[in-house]
Amino acid sequence: MVIVMKPDASAADIAAVVGRVEESGAEAFVSRGVMRTIIGLVGDVAMLHGLNLRALPGVADVHRITAPYKLVSRENHPKRSTVWVGGVGTRAPIGPGSFTLIAGPCAVETHQQTLQAAQLAKAAGATLLRGGAFKPRTSPYAFQGLGVEGLKILGEVRATIGLPVVTEIVDAHDIDVVAEHADMLQVGTRNMANFALLQAVGEAGKPVLLKRGMQATIEEWLMAAEYIAQRGNLDVVLCERGIRTFENSTRNTLDISAVPVVQTSSHLPIIVDPSHASGRRDLVVPLARAAIAVGADGVIVDVHPDPQNALCDGPQALAGDDLLELAAAIRSLAPLLGRHTAGPPT
Amino acid sequence: MVIVMKPDASAADIAAVVGRVEESGAEAFVSRGVMRTIIGLVGDVAMLHGLNLRALPGVADVHRITAPYKLVSRENHPKRSTVWVGGVGTRAPIGPGSFTLIAGPCAVETHQQTLQAAQLAKAAGATLLRGGAFKPRTSPYAFQGLGVEGLKILGEVRATIGLPVVTEIVDAHDIDVVAEHADMLQVGTRNMANFALLQAVGEAGKPVLLKRGMQATIEEWLMAAEYIAQRGNLDVVLCERGIRTFENSTRNTLDISAVPVVQTSSHLPIIVDPSHASGRRDLVVPLARAAIAVGADGVIVDVHPDPQNALCDGPQALAGDDLLELAAAIRSLAPLLGRHTAGPPT
Amino acid sequence: MVIVMKPDASAADIAAVVGRVEESGAEAFVSRGVMRTIIGLVGDVAMLHGLNLRALPGVADVHRITAPYKLVSRENHPKRSTVWVGGVGTRAPIGPGSFTLIAGPCAVETHQQTLQAAQLAKAAGATLLRGGAFKPRTSPYAFQGLGVEGLKILGEVRATIGLPVVTEIVDAHDIDVVAEHADMLQVGTRNMANFALLQAVGEAGKPVLLKRGMQATIEEWLMAAEYIAQRGNLDVVLCERGIRTFENSTRNTLDISAVPVVQTSSHLPIIVDPSHASGRRDLVVPLARAAIAVGADGVIVDVHPDPQNALCDGPQALAGDDLLELAAAIRSLAPLLGRHTAGPPT
Amino acid sequence: MVIVMKPDASAADIAAVVGRVEESGAEAFVSRGVMRTIIGLVGDVAMLHGLNLRALPGVADVHRITAPYKLVSRENHPKRSTVWVGGVGTRAPIGPGSFTLIAGPCAVETHQQTLQAAQLAKAAGATLLRGGAFKPRTSPYAFQGLGVEGLKILGEVRATIGLPVVTEIVDAHDIDVVAEHADMLQVGTRNMANFALLQAVGEAGKPVLLKRGMQATIEEWLMAAEYIAQRGNLDVVLCERGIRTFENSTRNTLDISAVPVVQTSSHLPIIVDPSHASGRRDLVVPLARAAIAVGADGVIVDVHPDPQNALCDGPQALAGDDLLELAAAIRSLAPLLGRHTAGPPT
């Protein structure tokens, strides 16, 4: 950290900052300039964070210069991680050596709709099935998902099709039942800073798909991953799904730069959700191609056998033809980026 | 709702939209133009929302033209509401006839610190005491609050000082213990779209202070209030606390226009939090004055007897002198806006 | 400035930074920590800015810690400035001792409409008349203003009514004709970073009203003012008119905090434009009240004798009754903030 | 357009809207619902825009449902356009059949630096040379470019290397001298809404590279292109260069979705500037790959023979090795998207 003192800070103000820092066991280096004094701090970030130096007299500003996260940081873990999802025979990797397609319906509606979507997904090369049983909706009048019934359908379809299941959890209270049925727990964009939920999935013993909050900086997102990691779970996959900006021709603005930025800062895998980022079916395949080319570890897309009758986000769901176009794009582009696109190891 | 068809939409496409609308019991009015056809829908918003018309062939766009909320809307409840907080002898109003000051420490640290902050608050004319026992923090390494111990301190201070208590709930799991100790439940900015928590506070039988999500549109915020109202609780007070923008000289950007915009659309009371909006002590009093003048029903501010040693948000906490300046501003300005500033009724 | 070196920066990298700084005549203070080295720089900001230190090997980050502007900074000019507009007999102040109302039509349409608007403005206590002759419009198909004909109308109305005139300049090519007819030159939000125009108004010998770019940080806005000041013109008044955010219930988001933030950093006067910030007539008076209360030096509002037939921004123009409500608000609130509201000195 | 009336709009209010529409020669279709009346308008957008319907009594809202631009719209010109730049022997296409690399120094500093940068660019497959002679800079203390001297250097390098030159114009006053030396005129992000400049380049008889305003919606950007087209110049290439958001790990947020969105709405070519979007050299190649994959018609990048000593934007300039990596990416990816990467036609 660097403390910038005000131009009129007194010697006593400077001494008070140095004193508080040194009491905590950290070191302070004072640089006295003509106009201002700067104090560089060296010590444990978490501890320095608690010193409340900004509130001391004479302090103009505090600049943090190291990342506030540790467990998910690449500084302490230079090799990028691979997260494995699923049980024996269906385990699928998400990480630097492969390009992973996750596909399925936005919401589980019926057994048949889910099964058909899963068949489409598998035929397109997906190695994981997504599907929502608990849906967080802006309107209390919108379809909220089938709940436990939806989880059961997902379990049945998994047994039939052989793809591990990713599903969202919206309430820490449901952690046991969701963890029982799912292979990977998704934390959605609205819950990225729901710290109670982050701690619950950190202890549930399953890999986690952590979507970026639509308003979250990359640093805040990595801090949310740190909450999960702190509870002993490092099997976290990040998912860029668009941020909120002034542009309204797309539902959100896909922050494609987040992929290489995260890969520089963190060892965790990162995938992209072009369906929710855009909200428009015609943009899903182009954005998925961009995700491959920028170096993402995978994509997650909405698929529906009959988008016109989907109960949730029909306008962004891929149908069969679009999905084959996506599959072709993955097959042609991903190898150029040094990635396998085959299924799970045997 | 208005459905705009694509220029090349066929007669069958138009008929399909009309058919789906009429099946649902709503009405459809078709306007055929030279370039495009427009279909106006009349019926229940919640139901039309579920029709997924945007996914039908030939549909270019769907414009919603009425508010998606009902219970909190001013359209059905033209008179602005007053919410009363606290028990016999300490009940305090928040609403159109009064200007309410809510003050207290960002985080409860000790009994003495909380008591001193409460004394400062009361001396300045506050009729409610705020104080955080459960703190949602971006960093897992930051102080997370005293939890139940903090709730007990708040209860003791309430008994001594006689101010009803507002405190944040971050986990639906804690609803009983928080509702037992608090007079008003606060839902924080990060949890505004935590629908499980909204439903829990909707059923807890206590008034709710609902902060705006830092990324939420006003409409989404009112939808969050609708979630609470749907569970039978209309005692909801909205709190504008700044939104996230590109400007970084303040922690957030206080959206002062939200106050009159909300008052036009909803009957719920609305207050302003200048402390969290700005993150800077020197801005709290000017922004509080702006809140009074724009027509807000109150303000909520951080107070600390010793900001230099606060464990949370010290740089934005008011100390004694600032608080007296705020009290003077309220006394001089609020009556000009037609508002009482006295305490609770006897 | 503070240079943060990468964890793996070599001694040679550090020496190279120090060398480049010292060659320029500035000083460098090196603080070696366990993980990182920090180098504090002391010298002229403008010169350090040109050193391109961020491009040197081993440099992780460069933090600027002093403001990049000088002439408009309050650090070198602690007393807040008053800008006087207009000639003998009509001179009007904008600054810390007064509260200035500027009013008039968004666009000059006819002599009669401008005269009527000016009469309304004067009756409400305005001491300056605004009116657009050159209109920057998003659409090339929208009304672009009367041009020089509009300037002449403004000049005639000024002669009749006795209010100095503020009008926008959109093209440096027009500087002579606009400066000839106007008492104050307005630079609009779209041109805040049109540096050629800033330099032209800096040399024109008339006071300038500099609107904030809808996308500009406060620092960039003050840098734009610095461009004008550099050409010898310190008679610059800043105007906050809303920034672009995700919220769409108002045309822009009025950044009310910008007023006290600017007043802390710069000695220049600052006023607020509630008409363009909101785009809604019903919000203009509440937001103007907020501007007074937060400590602004004035407001500028659109007035039209017949808003329903305005050629530009009719939905936000005040008509007679609204304007009287605004006048009453100014009379009651401004004195409480220590401000005169009387007209120009004799 | 669709006019939504307020719930309490009277029959006279509705008649007044219909009357004003019909007087203008357009048609109005009235749909009376239980709660509200909706009026659909059919006619010329430009004319309807001028009717100021939002200001009429009883009008709640006005929704525009067709694009406000015509000349650049794909609706009237379904085939995507190719713009050719340069004279005999060096003409280079930008459009749907090819993928164009534009490279060169951010700022022209010396003849040698420009020549070396041009040699690097040509070796990497660039078919156009970029270089700034007039630089718009946030700080008046930063290097502002060599001006006419820089244009001459660009002309000399063009003669030596044989690449057409793209350079920025910042002041309409310079239009003749810039058009004399350059093959393509660039309008920068800060000037996208400088309508005087747009009109000047519209009449200059040279192709235009129109960067997106960092705060502009896609629709506003296309309206800026319409300004140029209106003056008779349809040789406009759009350039996405990042928008301003809350995320600060990159200089701007590259809106990669803008590429397919623009291609749906407009026939104009669109390229991407990954250098200015990110401000970070390590992100330029990944983002350029994303641009290719999403379907852009080209990229424009900063190149410098010695980035450590660049006078402008050194941290984002590619040096030799990075540029070869970019060239390889273009060669391998662009053909998969159906694009030629060869040089200009003979």
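Brief remarks on what is shown
As written, the chains take the letters A, B, C and D, and residue 1 is the first residue of each chain.
We adopt the following convention: a residue touches a chain if its C-beta (ideal position, glycine included) is under 8 Å from a C-beta of that chain, and two chains touch if they have at least 3 such contacts.
Predicted model only: the values in this text are computed from it and were never measured.
Placing every chain at the mean of its C-alpha atoms, the farthest one from subunit C is found to be A. Looking at A-C alongside C-D, one finds more C-beta pairs in contact between the chains of C-D.
A straight line joining the Cα centres of subunit A and subunit D is 32 Å long.
Each chain gets one centre point, the mean of its Cα atoms, and the points for subunit C and subunit D are 27 Å apart.
Computed from the mean C-alpha positions, the centre of subunit A lies at a distance of 40 Å from the centre of subunit C.
In subunit D, the positions touching at least two other chains are 215, 244-246, 248. Subunit A meets subunit D in the complex at residues 215, 217-219, 243, 245-250, 253-261, 264, 277-278, 282-283, 286-287, 289-295, 332-333, 336-337. Residues of subunit D that touch subunit B in their complex: 2, 4, 7, 27, 29, 31-36, 38, 40, 42, 60-61, 63, 65-66, 75, 244-246, 248.
Across the complex, subunit A meets subunit B through its residues 45-46, 49-50, 52, 54-57, 68, 136-143, 170-173, 190-191, 193-197, 213-215, 220, 223, 226-227, 230, 244, 307-311, 314-315, 317.
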